[in-house]
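Worksheet for the structure shown next.
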Amino acid sequence: MMNPIIIVATLWKAAGSLKLSVALCFLTALDAALAYPLIKDSTAFAPLGDVDLINWLLTYGRFNLKSTAWFFVLLILLTLLSINTFVCSIQRVIFLFRRNKISLSFFLKLGPHITHFAVLIILTGYLGTYLFCASLPGRALTPGGPPLKVNRIKGQIKAEIFEPLYYEGDRLDFFQGRLLDPGIYLTFIDQNGSQCKQKIAYGQPAIFNGWHVYLSDFYPKDKSGGMGSKTVNITLRRDPAAFVYLTGLALFVIGLGLYTADFFYKKTSKKDG
Amino acid sequence: MTQAALFNLSELAIFLSFLFSLFKKTGALSKLFLALYLPLSFGYVIVRYHRAVPMTPTFFGTLLSLPFLGLLGALALRKKKDGTNLALHRALVGFIFLLGLSQIFFPKDFYLPFLKTANFFSHCHLILAALGKAYFFLSGLWALDYLLKFDGGEERSPSGFLKFQVLGFCCWTLSIFSGEVWTYLGWGLPVVWEDPAVVTFLATWFFYLGAMHLRFWKGATHQLAAKASALGLIWLIAVNSIADFGPARFIL
Amino acid sequence: MKSIVISAFAGLIFLLLLPRCGQNESASATRPEITDEAVNPEVKEDSAEAGFLNLGEFTLIKKEGYMLARDGAGRTLAVIPRGAPHPPGFEPTMVVEIPLRRVAVYSWFDVAIINALGRADTIVAVTTPEDGWHVDYIKRGFQEGRIAFLGDPGAIDYETVKTSNLDLIMTWDPSIVPMMDQLGLPVLVTATPIATCLSTQIRFVEFLAPFFGEEQKAKDFYQKVKLSLEQIRAKTKGLKKPKAMWGDIYEKRVLVEPGNAWVAELIGLAQSDYLFDDVYGTSCIEISVERFLYSGRDADLYFTYRTAGESKMYSKEALLRINPLLEGVKPLTPAGKAFAPLPHYSQSADHLDELLTEIAAILHPDAYQGYRLKYFLELPDKDQQSPNTQS
């Protein structure tokens, strides 16, 4: 009968193994690379942002296995990689603190470990988003038309088009007269009747009562108009975990900067030496 | 017309550079044609990019990386003092020529620009990815030289390919992060999973993450890391460049 | 050494590109899973048993006592039996009571699919006026006063909507949703941002069937279409592959059917090469003129979007008069063949098996000798009489 402490210690050491990190990185790379042709002809992933991850896995994921199996594998690999990164980083950071005095070199050496923890934060943020993000896709508004009532956002939304920006250049012949920016302003009316107006464009969401309002599409797309009426399609999302992965991204950039500085600092020191 | 002329001229310049690099006596001429290639190829990408502004051009990543590859490679070779620069120069211009040639026979320039790309972060994503790809290509070529010693002779220093690998990884990471911010602002999600290009970016990120960790193995030599970097050349073409190529069109 | 390395790389790059060289020659081979799925219902039978139906962007999920329907715009509606309590969390206009009795329909395709389900009697309003219809069951509905014209899609008459006492509006235009919300009417968006694939096209009937309580008729319809696909596959197997293109040049714009569209997949399944197989995206996707003309030089067959009879376009000559740029398109010369849909083509999805067979017959006339075109017009080289006299 082995000593449980020895078993835990052995497992702890194995879980933080660098060889395991490398193997998991290459396996994840291979898995994601193989996904390209599988995603290309599949519509199974489109609802992933609107349906929570568990429900997606049990429906779209389960019944489109030919194009989603790689995603199941990816989730397993990322879980293993997260455990490995956590254990490995803890081991190395403890070692670093024991062996080094606080100095510039010490801070530079912290770089890789900051990136490791940042990866964990990013992955936690992703998981939070895909588990808890509330999404109301495919809502449409007619500029100047009746307001959109959505009980969940506790308010109403009205759309107005003020300043459409058309493409007038001559570089793209076929783009002439097309709308580059419909210049849509949304008016939000809360339950007390108070209003606020915000511009919405691709890459420029509006915010109301904790919900982000994204422009999904609009019609018509050019001066000549189209068959249907003027339409603004929006998607409403409330993502409690967005700030987590955005923080992770910022932290990763800091860690990467320190690592790169350390790499070139060492190189210069070697040259000087 | 200007766009096509610039591309064809740049391809001609890099072909001549490769041709003259095959002989020691004409090595200087080869470098001259590489110098000529740079303004032509940058001119071409600027003209094509400018046509799509404020959007980004579509399926342009690989072509955009070539002038960067030429410029960064030329700068790195200028610093090289160990007498191996002509062989590496030959590999570099040959590689650029082949990738450019593939764009003549497999062009993919028929999609209209995508309106959602009219965003600062989308431009950052594309340009940083091209820069990252150029560094990764350089890392692969330098790693091949490290492993095969193109000109024969003494041991090579691993610092060349490692440096490019690190710089490539930085650019690639920043490109992915710019893409994530763009996706967050445009769709409200960190990853648009239905876009296969996103997954291939992640694949390459994990590949180089693995490659960079290789040299920290106990007892590992730089040989292993160099092999991974060299393999990266094929990986980048297969995973991140093939999507930029269209079906065969024999337009000549 | 260096030449070996360079040669090796050259070889590897072209090895990787090799499948692209064959792309035009083996378009059908690049998407075997899609065509198999379209022909073999077994692929998705396990999901149907589990109460989950996913067709492209459309989804039906069975829940305890009701169903969830995700429409083409990504909206999720609750579908409940008449009189059943509304599930929690759904606004009143996001709940549809079935079976439907009175519906307004925008799209010709949806009208035809409802007819295939044997429930054309439920259609009480449309957005095409009476003279725009070429199918008897709708014309009759107008004459009998059962069907009302709602107005043009861009400007529907809300008074008619109110007086029509509707259960549901099926539309491709989501902009009507806020107004319908005010009128308390649920809306089902049946158009999608990405072109419909062959599998979704022939199985869309299964998505609509539960709304009308006609699941068995949907199965029968699907079996009929599946059989026609199997026959097409068997009849065209091993034949020489013609090269086909589907699209049009308008003023400054070129629109084509992408490789992921159902017609492209059908062409691939019928032992033919679709020349825009590499293009991906929405139906009628816009591409550059150069790309269109490049494929035009190579094509044997050309399908135009322009309906014969509507644009006074009954010949290749007439088409070239409208679009001089098309001059380089080989099928518009005497060496090739060009086809235009007849006015009733777009309203005949209830005869999907016949449509598919006709497209196969156009691609392989030798395999379908004596076949008489019903839905398309083969354009003669020179102007002649109206196609209506021919069909």
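Letters are used for the chains, namely A, B and C, taken in the order the chains are written, and counting of residues starts over at 1 for each.
Here, a contact is a pair of C-beta atoms (placed from the backbone, for glycine too) under 8 Å apart; a residue touches a chain by one contact, two chains touch by 3 or more.
What you are looking at is a predicted structure, and each value in this text was computed from that prediction instead of being measured.
Novice: Going by the touch criterion at the top, tell me which pair is linked by more C-beta contacts: A-C or B-C.
Specialist: Of A-C and B-C, it is A-C that has more C-beta pairs in contact.
Novice: Using C-alpha centroids, which chain lies at the maximum separation from chain A?
Specialist: Between chain A and the rest, the longest centre separation is with C.
Novice: If you average all the Cα positions, which chain's own average lands nearest?
Specialist: A
Novice: Cα centroid separation between chain A and chain B, in whole Å?
Specialist: 26
Novice: Per the centroid of Cα atoms for each chain, what is the distance between chain A and chain C, given in Å?
Specialist: 34
Novice: With centres defined as the mean C-alpha position, give me the chain B-chain C separation in Å.
Specialist: Chain centroid spacing, chain B to chain C, equals 40 Å.
Novice: Residues of chain C that contact two or more other chains, please.
Specialist: In chain C, residues 286, 288 touch at least two other chains, as defined above.
Novice: Where in chain A do residues touch at least two different other chains?
Specialist: Residues 40, 43, 46, 174, 235 of chain A each touch two or more of the other chains.
Novice: Which chain B residues sit where two or more other chains touch them?
Specialist: Answer for chain B, listing residues that touch two or more other chains: 112, 238.
Novice: In the complex, go through chain A and note every residue touching chain C.
Specialist: Residues of chain A touching chain C: 40-41, 43-44, 46-47, 50, 59-60, 62-64, 66, 137-142, 145-151, 173-174, 176, 217, 219, 225-231, 233, 235.
Novice: For the complex, give me every residue of chain A touching chain B.
Specialist: Touch residues, chain A against chain B: 18-19, 21-23, 25-26, 28-33, 35-37, 39-40, 42-43, 45-46, 48-49, 71, 125-126, 129, 133, 135, 171-172, 174-175, 180-181, 202-205, 212, 214, 235, 237, 239, 242, 245-246, 249, 252-253, 256, 259-260, 263-264, 267.
Novice: Flag every residue of chain B that touches chain A in the complex, lowest number first.
Specialist: Result: residues 50-54, 112-113, 115-116, 118-119, 121-122, 159, 162-163, 166-167, 169-170, 173-174, 177, 180-182, 184-196, 199-200, 202-207, 209-210, 213-214, 216-218, 235, 238-239, 243 of chain B touch chain A.
Novice: For chain C, which residues count as touching chain A in their complex?
Specialist: 31, 33-34, 44, 46-47, 50, 52, 54, 56-57, 59, 61, 70-71, 73-76, 91, 153-155, 172-179, 181-182, 189, 193-194, 197, 252-254, 260, 280, 286, 288-289
Novice: How about chain C: which of its residues touch chain B in the complex?
Specialist: It comes out as residues 1-2, 5-6, 9-10, 12-14, 16-17, 20-21, 23-24, 277-279, 281, 286-288, 290-291, 294.
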